[in-house]
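First chain A sits with chain B, and in the next complex the same chain sits with chain C.
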Partner chain A sequence: MKLAVLVNEGPYTHQASDTAYLFTRAALEKGHEIFRVFFYHDGVNNGTRLTVPPQDDRNIVKRWTELAEKHKLDLVVCIAAAQRRGILDENEAKRQGKDANNIAPGFRISGLGQLIEAGIQADRLVTFGD
Partner chain B sequence: MTMLHTINKSPFERNAFDSCLTHVKKGSAILLIEDGVYGATQGTAGATKLAAAMKDVAVYALQADVEMRGMQGRLIDGVKLVDYGGFVDLVTQHQNTQAWL
Partner chain C sequence: MTDEMMEEGGKIKKFLYINRKAPHGTIYALESLEVVLISAAFEQDVSLAFIDDGVYEIVKGQDTKGAEIKNFSPTYRALEGYDIEKLYVEKESMDARGLTEKDLLVPVKVLTAKEMADLMESQDVVMSF
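The block that comes next holds the complex of A and B.
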């Protein structure tokens, strides 16, 4: 089945980002297709490559990146939520006159239309949040 | 239409649990995840409401979250434990998923 995932909570907040990741991994292991993982609200903070969690803790951002690489996942960060929270890719950094970008590998920045499309195209949309 | 309802917050913290129980329809299912598993704690007001709902609705709890909180053996009877694969199966078996946040 084709599934889409919506993540509305940042990493290391409560548990939503962890649950979303473990759910996504389990769905892939069962042979389902993940149409897209959309990061909205504080969830966009899952997409910064600058996090440096302690070595004995899980690396939430890296975990998403690795899962995306392994399964060619489409990890989409909401542009409006990202700009408010300082998540920028190269293009956006240039466009906004910022001196750096911080988007993590495997993530891309796009609009809310991508969430709507995921809701239409996927058989199920599963929300994880705060 | 069968719907899977997920609850991820304790009934002692938010009213998502009560809202869900008010709206859930016969034949649907509730999956307690994260702090939502506290909703099935024996002897609590929430558990009484949940037990009443269980006449019409199947109730599940995510095993990893139950164990993480040391709640195994402390939940009311009839709550079925599932792993993440079981969570995925519940999503695919129901026509829709509603997350009560």
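The block that comes next holds the complex of A and C.
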């Protein structure tokens, strides 16, 4: 089955991101296709490379990056939600006159149209949030 | 997907956006509305449902000045201009909050919880905010 995943909460405060990750990994292991993972609302905070969780805890951002590398996943962070919350890639940082960017490897920033497209193209869109 | 139609070479699916949260206090309602507006550009079959505290999103006379937060409620009235005209409100949620259709900013169709479940069942893509 072709699946799309929507992640609406940030890492650590809510379990939604953990569950979305475990679901995505399990679906891939079962041979399903993940068309796209879209991060919205505080979910965009899953895409900052600046998190430094304690060593005995899971590294949520790094885990997404590694899964993306392994399976060529398309991890998309909503641009409007990202700008509100300070998640920037190199281009956006330059465009907005900011002195740094913080997008994690494997993530890209794009518009909400990518979410609608995922809904159209996938057999199922699965939402993780509160 | 049995309900998919082909038109102008593109798929048209039934999208239902479920609004469950109060308009202010969290950003879900505002960002949900942003998704709805974008989806209009994709020429999909869009419906909106308001349940639980989500019914407050379309209540008339919202005044956010004191909270220094943008009042985006007039945007719901603009949805018609984007051909988004299918708005549903759950009767039980309105009743529990002492609201009637007269309290709402926009024309809606009132559904019972059972009818709302049937509506959800008939959709291709359901996003809940």
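Structure notes:
Going forward, the second predicted complex is superposed on the first by the 130 of 130 C-alpha atoms of A that agree within 3 Å, B and C clash if a C-alpha of one lies under 4 Å from a C-alpha of the other, contacts with A are read in each partner's own complex, and residues count from 1 in each chain.
The rule is short, and it goes like this: a residue touches a chain if its C-beta (ideal position, glycine included) is under 8 Å from a C-beta of that chain, and two chains touch if they have at least 3 such contacts.
A quick note: this is a predicted structure, and the numbers were derived from the prediction, not measured.
In the superposed model, A:T127 makes contact with both chain B and chain C. Look at A:I116: by the touch rule set out above, it reaches chain C but stays clear of chain B. Within the superposed three-chain model, A:L50 lies out of touch with both chain B and chain C [touch as defined at top]. Of the two partner chains placed by the overlay, chain B and chain C both lie in contact with A:N8. In the superposition on chain A, A:L22 contacts chain B only, with no contact to chain C.
In the superposition on chain A, A:H32 makes contact with chain B only, while chain C stays out of contact range. Overlap of the chain B and chain C interfaces on chain A: residues 8, 123, 125, 127, 129.
Contact residues on chain A toward chain B in their complex (touch as defined above): 1, 3, 8, 14-16, 19, 22-23, 25-27, 29-30, 32, 123-130. By the touch rule above, chain C contacts chain A in their complex via residues 1, 10-11, 13, 15, 27-28, 31, 34-35, 38-39, 41-42, 44, 124-129. Residue ranges on chain B touching chain A, taken from their complex, read 6, 8, 33-35, 62, 64-65, 83-85, 87-89, 91-92, 96-97, 99, 101. Residues 6, 8, 40-41, 80-81, 84, 111-113, 115-117, 119-121, 123, 125, 127, 129 of chain A are the ones touching chain C in the complex.
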